[in-house]
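Here the structure is laid out as structure tokens; the discussion comes afterwards.
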């Protein structure tokens, strides 16, 4: 999609005057602990406070752990989506992929414990292939990623249903369900620490470390300006493709947790891509690439889940929920862009218009 | 360069992007009818033709508006929801009363326009990324629809249903209206200031602003017009359903419309493309669907094929676009080595641009 | 999320069915129909009919039904119930073709898109070579004009499952209906639970008539009972969603009974009780095997209301009858009986090889493709 | 040229984010006069110009036009009042035609619809008026050369019947011969009585064109002088605040002699843009690559760097055949390219100074680059990088010269043996330029082979030990480093007999 490099492609850049009034010092921008993270942490805290007023027992261990278990897959998906978004692309295929993986697992395992590991390996392989296809089609064939992943979303949706005749068949094994359903038992106070939560934490930590590694910095620079990255010796196609692969593998992991959590149903995974993107954006990560942190994306995912929980606690009619959700994302992003986190025009405007610019960059630009 | 590639390229340069999309459409039609003929079916039966046109009118309405928005470097993910809402507004306002047709249609388009206005203002005023902004309004509309309507509601008088069912020969009235709207949009884009400014803002909002274009205005206008065309799509749905159905938002129309726009050669990052190409993109998608239908392709396989064709088509298209932007060839790699240039007769300091 | 009464409203409020979806007369009729013995062979429930009014179809009779083209416009195969039914229908078609009772069978699938289905039906009409048109409408109200158009073309039209607001078709085939389904489930909960027990309702999505009727009936019955309805949730049929919602309710208090408008995902709901270390609730699911197997394994107090899946056989059979000029009921009400504890083993054995998202009362055991067509789909 | 000024700016003050960028600047523009505005990078020239153009609103001060006070709240207000601007950034829509760009925002209407033909006619007339028939009004701007695009921007400013035109570094992307065309245009503007405000870092242009010179330093007005009263040396002293002795550091002695082994050699290199490229560069040597805009110098650089590689011929680095197919291979072989376009090709603007500096190491040597990365802060400070927020500051907030230093640091971190520098001083101020020149000399002294591409002849001649001149994609000839400007131009324009020169 439009992955406009600028926050609001069409809007004029903020008048600097406006910023001057709001921001005391230029230096403040860089010294602030990454504005996006602070904002989303604040929103999350706020939601938790409201939840606590509604249901004080929410923080009594088991409910909180239950929340963590439910939120873990979205956190993992958000980290994957973050990697793709920060590289300047989109991955709309993760919802379909989660669905496909659960269905594949159920059909191939078919209740047979011995099949658990082979099938997990196969799922990882399948995730890898989907990520590679997304990445290579986007980078080498120069199809905008919103179209590529929209295409794979359709293909996966149709192919898996065609393969299973329209509705999932088979069953998951007990072992398969352990990470998504069980945890470390008999922990004082908490009663159970879900594996899913631990896995999500591990993924976030790995994500943070990854973004501090050479690859992470390269990915970030690629999302910021892929031409400059390419001119600096970055293999843009492989860096971006790896991000897609990571996203697909994390979606596979999320599928294992979601399948583990609730078993197979026909609807599994539907719409998760938009939820994941919403989570990442709530974390202040800029669509178009080059800005934002893993931690913020993960907090964004927790915020989305907390919001769902809050709606529930407030006994908000479920039909109204989407409306509230919509208003909140708009408000959050508007607030972020007000604060200037998303400011400055993105499209590089330079005088020399070199054709070579096009030969190196990858998909768009 | 192979002769084929040379031909394609020279064809491309002569036809332009839009021409290429139409050429692709013609090829697709030819290949499909040959393919169907080989399987003992016919593509151009009345039934299939009507089917093809009918499919294209709904998608056409949605894609025309989407083109304007994308040209402005924005995006509208709410068109499916707007169509659902305006169908309901129309059906409940008309409530079976022929004298309220105009009122109902006006109300539907008015509500649609308001949502477009909201989208536009959120994108320009609040500076929310259009993906998020329109996803947000879509959710808001969805919440409203699901809370207010428990299923289909309202009823459309028979007179209004003619919009959905009447046809002139094989050509449904709705398709004629859609094509008329397309022509209007083409004129709008190419002959009005607002149209010019849409290209300008999509090309580079800052340049437009410095040239005196109030950058927000074309974007808001595009969003309003886009929502209105989605509203027209909603009217068509109401005419065809005889009522309004909130659940149509779940049909993924928005993504299909974006696909049509991109297939039609409009650049997702704005500033380049147009409605004529979009219409070809719409017909390409409609043709594929019709062919799949004639072949009774399994609905799930249909999704697979749609996805694959979309990617493939855009990939081919991206290639073409890529080669067009490549630099002028000074030294062709094949063929006889270029002769050393003879000493130029005139000094080159003279007129700028003289070398091009 | 739960729709509960306004804070100040009395308990039991919110149990007044939406008038849009509640038709007292129809409710009474359906509840009564449950006790009427249908006409026809009980071994072939898909050919039975409750209080049929037979209609003459000789005008549609053709010389060689073996050459007749039967066209089927399907709303979708987007859920396991429809997938199971469609396989059954295809098997029935093969059987009829082998017997020379129908010829070509042409299908178009609208993938739940009303507009698409209207086009599909129109295409059948325009093509002009359908000898009978079967329609499984995606939405009642919206498909009405298209069905009327099909009727006007002079071809016999058969509608089944969800209805349309016209009676132009030769026959409308459906099981007793949503009120009966919802009532079966609600009555079971009322019977099995102590007064004052809490019940949570899990619904798939709003706005689909057969589903709305189920809930409207349940509301009516719960309203007259002493049960406390905690509220209802829309789940989209997604297991993760169901499990999460039920878990959250369990955190806040006990849930003694679960009422569902479709059994898809019932197991996920039950697992929420397991994971919270709470006793299983009394539950009304559906005749979907994953649920029935769980019911059996864990010895739960449960019922499986049925929305007879075997109805998918009837339309093609009706088509062959109409093309042969035989009488058919103008409204063909098929029997619809819930599976209770005592029949559980029987149905589990009969479906032992079937996948978990299969429906016990699919009624295809006597078709030639049994069981492979359903097991290896 | 005296009399009442047409435009009078008084005590203009402007701050960004609390930082004063202009403090009480006065400026008078007179009809028919070119007024040059000079100063180091970040002195506030562009900001002052944008205040005049209505892009920024001043925090304080007044603007009078024809004796009447005006407040331009929007660029359009300024344009309507006859104040047109050619901004420093690229300001055209590449996908639109010349005519559409010229009339953007003021499209002529006929019966409510845009009159495309009238627009093209008027554009053609404007172009003809300036003697620029080579550009067609219906051409897409994307298809024009940089110089032509620049002309279109000026035409656009002119089409508004401007009485005041300000130009912000209009020649930054132009080669010398193209600057001549601009001179001609400015000459006509002067004849028409237009007041021209002219910003440039090229002193020669300033003394060629301007009647009056205003110097800014750190947002303060240093002074305004008639051009005749101010020699180049004095001007530089006013700008920098100290006398600047020699602009170009001394070359390594003996000049032009090959001081080391051959580090880069190209033989018979060619692709679709260039042909028959062959030369050698030794360690310690600076080879100048001369030629007109569009002569293919950048293409040669890109080919060496593996971006648009040579399809024939051979490239050796340190004796090994490399023929790089990607920047990555080139960097691995020890060859790096400082690109001509800093913002779009050189920097990830939203990343920190340090992240940009490490980018090459991260991308090409992800493992074991620790020691080199640790040297980076040292490299940055040896370049005298000024970043208020330290090395964690996003590079978008740095001035042009400092940004260029980050680009250089990025490449130095890779410890290259061969550096190709394409317009390394474009758009940076005298002080920064000198730093770059010094750096080049130091690198050469360390045995690095340097290929310098620059459109400024004095720079080319002042820095290069040896020159290779391109013309239309081929080598027109080689010259010693102390060649004069005429000799270079003769080769570059093809007016020197080719055979003779090439021998």
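Note that the chains take the letters A, B, C and D in the order they are written out, and that residue 1 is the start of every chain.
Just so it is clear, contacts are C-beta pairs under 8 Å (C-beta built on N, C-alpha and C of every residue); 3 or more make two chains touch, one makes a residue touch a chain.
Which chain is which protein? Per UniProt: A = Autoinducer 2 import system permease protein LsrD; B = Ribose transport system permease protein; D = Ribose transport system ATP-binding protein.
Since the model is a prediction, treat every value here as computed from it, not as a measurement.
Chain centres here are means of the Cα atoms, and by that rule the chain farthest away from subunit A is D. Inter-chain contacts peak for the pair A-B. In this assembly, the C-alpha centroid of subunit B lies 38 Å from the C-alpha centroid of subunit C. Separation between the centroids of subunit A and subunit B, computed from CA atoms only, is 29 Å. Multi-chain contact residues, meaning those touching two or more other chains, occur in subunit D at positions 89, 91, 94, 142. Taken residue by residue, subunit B touches two or more other chains at 146, 204, 206-207, 209, 298-299, 302, 325, 327, whereas all remaining positions touch fewer. Under the contact definition stated at the top, the residues of subunit C that touch 2 or more other chains are 77, 206. By the definition of touch given earlier, these chain pairs are in contact: A-B, A-C, A-D, B-C, B-D.
In the complex of the two chains, the subunit A residues touching subunit C come out as 55, 57-58, 62-63, 66, 70, 73, 164-171, 181, 258, 261-268, 270, 309, 311-312, 315-319, 321. Every residue of subunit A that touches subunit D in the complex is listed here, in rising order: 16-17, 19-20, 23-27, 29-31, 213-215, 217-218, 220-221, 224-225, 227-235, 290-291, 344, 348-354, 356-357, 359-360. Listed in rising order, the residues of subunit B touching subunit C in the complex are 45-48, 50-51, 54-55, 58, 146, 149-153, 161, 164-165, 237, 240-243, 245-248, 250-251, 293, 296, 298-299, 302. Contact residues of subunit D toward subunit B in the complex are 53, 55, 74-76, 79, 85, 87, 89, 91-96, 100, 104-107, 109, 112-114, 116, 131-135, 142-145, 147-148, 151, 156, 177-178, 180-181, 270-275, 292, 294, 296, 311-312, 472-474, 493-495, 497-498.
Residues 1-4, 77-80, 82-84, 86-87, 206, 231, 233-234, 236-240, 242-245, 247-248, 251-252, 264-265, 267-268, 271, 275-276, 290, 355-357, 377 of subunit C are the ones touching subunit A in the complex.
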